[in-house]
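Here subunit A shows up in two complexes: once beside subunit B, once beside subunit C.
Presenting the complex of A and B:
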């Protein structure tokens, strides 16, 4: 039982990432009708926003401290981050420490700009082209963005630490009456899960309770009619693309302490996220979120030892097996709407 | 002759001649000259071009004719490679049984995967094939390690049974061969400052690829090919006429799987080491790039695309800052440095960036690939005198 709870928890953080990317993918598909193979790259760019911010914050000025000597007997050079010089030692150190959560503030404008440029510059011209062309051009874009990031940040994963306040693990089992040290869960993963719940809730609330969201939902149902009512639906859809990019980007930025960002991470997540979207049902937002968490947790269950003893290697392929079963038994996915992508 | 029209026959003969003469044609620059690095006439690269041409031509039968975009064809390459290496290990170092088994295994797995995947179309089909390929990749990497060698890859070893071969007396692994002709055997011809290398392995790959090209040509011109085109055109209407299109789709899928299996087998025959990374989705993406870049649905397009990508991959990766400085040394120093800085991200390690940009440009502006580009240029050249005449005719009227 405790093992099951532990694996559920372990699956939640990966499931959160899947759900967030899949949510963005579905938003883009549902509004613009475009299959975006570059969405994983947006996740990766978000992660590198965190890296950039951390590097920016730790830019240091070098001063010579004549009172101390290094091992050669010369005056010691002391590096002080500018941020500590400006805001005082404690506040500065705290800001550097919190750079990953703070990077959301950087990621939001960056991702909005990236999203708008991408949509207006490239994807706009592909509304009417076949889905195969959309897949191919965004696939090409993904390669380009990935290589640009690789050029500037190198090919190796860059460790990015969470704030030290979240460094340890939480003894989750004690809360539920298990003996201590039975179910241990890192704080940051908990934070990531809560973060994803907040983001997902915000997106749904935005679509459900604002006029803007209502128009977007109307446009998803029948774009032409909404356009005929004199509403500039294209502009709203472009904004939704930006929002989807922001969701992916912030998800990537917050994911950095769990998995050191490397330029390949986007594509690795993308392949799985597409499976998630298809399992959830193309075009269904709740379906994407549900299947994201579902597949994340199932993947984590499958990595339990006694299951691996029964079916060796199941942890590597469980997601694909589920995808195949779902697609063959429920062709529209778990919660797919009728008439979406059925040509 | 050969069941081809006169035009196709000439076309095939030209392809055959080009293949045979490739070691000479691809080596136009003298040894030691500054341009020598652009030579492509060495066996390793030519073999790879021929092998990927087979792969791309096979993929084009599925994607070009039926419009079904598979993102998992690399799985068949991997399966073919493993089949080949196992034949080298168990039976004989002669590549023939291995090639046959690789082709059959590719076809068998394609039958299995296609039977399931073809129930869906569009993006669902792409995702399903991708899922199967990733599944094979993950399994080859983990559970199936006894069969696939896992991370280390699979290669012939000294202790292998090789029941058909006589035991090697000197305790070395015998060379990969075709009825005694070693795949490494190379005849070097030193002529006019150029070293032409005629490699047995290349000719095996090249002739096989011409043969596979011929089969594809027949298939394109056959009623079966017509049916596949009809599926691409409008599958619904085809179904309304009371025709069950799935068997046709499945045959196309299996045929392209066999092409991929053969390509994988050849890959392992030229370099007897099979690794799981051949099955990864990047490899599937690569063949899609080749076909798109060359021209979807055309005969020569995939071959051109395969040659172009493999050639550029080799050449671009070799260019470094030193070479760039040499090229731009005719400009003033500041301009030279600027140009080098601009070009630097696109060459050497950054070759994939060039590929990505190129690919995007082709998809955006030239959906028909290099072939369409060539046709457009051809039309432009032919129209020029014509346009001039028109302009002359209209001038007085103004």
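Presenting the complex of A and C:
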């Protein structure tokens, strides 16, 4: 039982990442009708916003300490971050320590700009083109952006630590009446799950309770009619593209302590996220979220040893097996609407 | 006037001969020289296949630096590094056999098929006379096989699988780095002293040749000291999130986790194991322990504080105090501003050993080089007295048991040497069952 609870928790943080990426993908598909294969790259760019901020905050002045020697026997060069020199040792160290959560402040404007430039500069020219063209151009764009990141940050994963206050783990089992040390779960994964719940809730609230969101939802349902009412739906959809980029980017930034960012991380998530969207139902926001968490949890269950003993390798293919089953039994996905991608 | 008579039989025969000729790789078709890529003129080209991307990219980058430094020293540039401490005095900084040393390098992406394609291009297009480098045993096995077919010497880079000099050994391939069996033989007695004989181990293992042999070696060695093996779970090499593999460890009854992972794999799995509280856990009335059988300085740096107090083994460490190590650390440190890793040391040593073998054999012919290296005993390259055993082309030398340093003095002070394990303790018979099934075969000079 405790193993099952632990794998459920484990699936929630995986599912959080799937759901956040799939939510953005569905927003773009639902509003603009574009199949965006560059969406995983937006997740990766967000992660590198965290790396960039960490590096900026770690820029240091070098002083020589003649009392200590380096590995070559020379006087030791001591690096002191400028931020500590400016704000004092404790305050500076605290800012560096909290660089990952703070990177959201950098990721939001960066992702808005990236999203806006991507949509206005390239993707808008493909609105009326077949989905195959959209996939090709966005996939090409993803490769270009990936190589740009590789050029500037290198090919290796870059360790990015969570704040030390969240570096440990929580004894989750004690809360549920299990003996101590039975169900241990890292704090930051819990934080990530809560973060995803807040972001998903904010996106739904924005669409549900604001006039802007109401117009966007109307546009998603019937773009032409909204246009006939004199509303510039294209401008709103462009903003939604930016919002989807921000969702993916902040999700990437907060994910860095869980998995060290590398230029390949966007592609790693891309295929899985598309499966999540298809299983959830093309164009369905609740479907994307539900499917993200569901597949994350099932993937975790499939990695339990006794299941792998029965079906070896099931943890590697479970998501695709589920996708096949869902599409055979519910061709529109779990919550797909009639008419989406069926013309 | 002659008349061309075209018969069905003749057409078939001509077609078959022409087809066979076209199908033959160009590397096997070059028969003009005494051996493949016989150097002409004043330059000899070496080919370095290194993973600059993928899970072992850190090691690959360090290997490239070491190769560049070795070429520099062979050409008489820089401070000469370990040329001055090497027991053989054939290398004087005048290149190899008077020829200036040049090199080509390529990214293998930590993938055997890419490594093979990269090396093939170096052999066919760049005229490389020797291939060296790799950070994964899957690459090493692929490259060794290619070089055997093509008639080149392959000086293995960082490869730790028993198979490289076991079932996949080749006459044209030589490994300086130690292997999984040696790691386990050195580590097991130290683990018994540290954690006792009553332990239950859970293995997470990289799913390819190195992981398999590392796990088998560790299981055999730890069971020999009384430990039980609870489970062995294979993880794909490309994995980055190990949380779903680590979660089952918590309730498995194991009190030791053995991470048969390397490079970024190990950095991620160890970090996540620590995040899941394994280091602080009490199981069976004992403190839970994590063991990483093969540790490098680069991995320790990547893992940060998580590596502290975790035991493992190394082929070499820059803190050793022999003359060869000191010379290499000075040379490498001045060039790159950081101490060399064990990957760098083994690759540097391999280039010098190849160059020395050519100089002693007075020929670049691979068969002459093989003869010069088989059974060769040397010293001064950082590992103490060493022998290239003729029976399997494996170097036998002391190896190290290390552990993550508890209170590092600086950013490079990541590992401390627990014990220098003498060669005798890690030596095994050539027909040891963990190395069974292979055959060196005959030397192949190519042309």
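One rule holds in what follows: the second predicted complex is superposed on the first by the 327 of 343 C-alpha atoms of A that agree within 3 Å, B and C clash if a C-alpha of one lies under 4 Å from a C-alpha of the other, contacts with A are read in each partner's own complex, and residues count from 1 in each chain.
As a convention for this text, a contact is a pair of C-beta atoms (placed from the backbone, for glycine too) under 8 Å apart; a residue touches a chain by one contact, two chains touch by 3 or more.
All values derive from a computational prediction rather than experimental measurement.
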Exercise. If you stack the two complexes on chain A, which partner ends up touching A:38: first (subunit B), second (subunit C), both, or neither?
Worked result: neither
Exercise. So, A:304: does it touch subunit B (first), subunit C (second), both, or neither?
Worked result: second
Exercise. For A:220, is the partner it touches subunit B (first), subunit C (second), both, or none of the two (neither)?
Worked result: neither
Exercise. Should A:274 be classified as contacting the first partner (subunit B), the second (subunit C), both, or neither?
Worked result: first
Exercise. After superposition on the shared chain, which partner residues are touched by A:148: those of subunit B (first), subunit C (second), both, or neither?
Worked result: first
Exercise. Of the two partner chains, subunit B (first) and subunit C (second), which one does A:181 touch, if any: first, second, both, or neither?
Worked result: second
For this session: Applying the touch criterion given at the start, work out whether A:51 contacts subunit B, subunit C, both or neither, answering first, second, both or neither.
Result: neither
For this session: Pick one for A:316: touches subunit B only (first), subunit C only (second), both, or neither.
Result: both
Exercise. Which subunit A residues come up in both lists, the one for subunit B and the one for subunit C?
Worked result: 316
Problem set entry | List of subunit A residues in touch with subunit C within their complex | 2-3, 6-7, 10, 13-14, 68, 70-72, 76, 150, 155-157, 159, 161, 167-169, 171, 181-186, 188-189, 258-260, 262, 265, 268, 299-300, 303-305, 308, 315-316
Exercise. Inside the complex, what are the residues of subunit B that reach subunit A?
Worked result: 67, 69, 116, 119-124, 126-128, 130-132, 134-135, 138-139, 141-144, 281, 285, 288, 292, 345, 350, 352-353, 355-357, 359-360, 363-364, 367
Problem set entry | Complex interface listing, subunit A residues touching subunit B | 35, 122, 125, 131-133, 135-137, 139-144, 146-148, 151, 267, 271, 274-275, 278, 282, 312-313, 316-317, 319-321, 323-324, 327-328, 331, 341, 343
For this session: Mind listing the subunit C positions that touch subunit A in their complex?
Result: 52-54, 57-58, 61, 231, 233, 236, 240-241, 243-245, 247-248, 250-252, 264, 267-268, 271-272, 275-277, 280-282, 302, 304, 318, 329-330, 333-334, 339, 409-410, 412
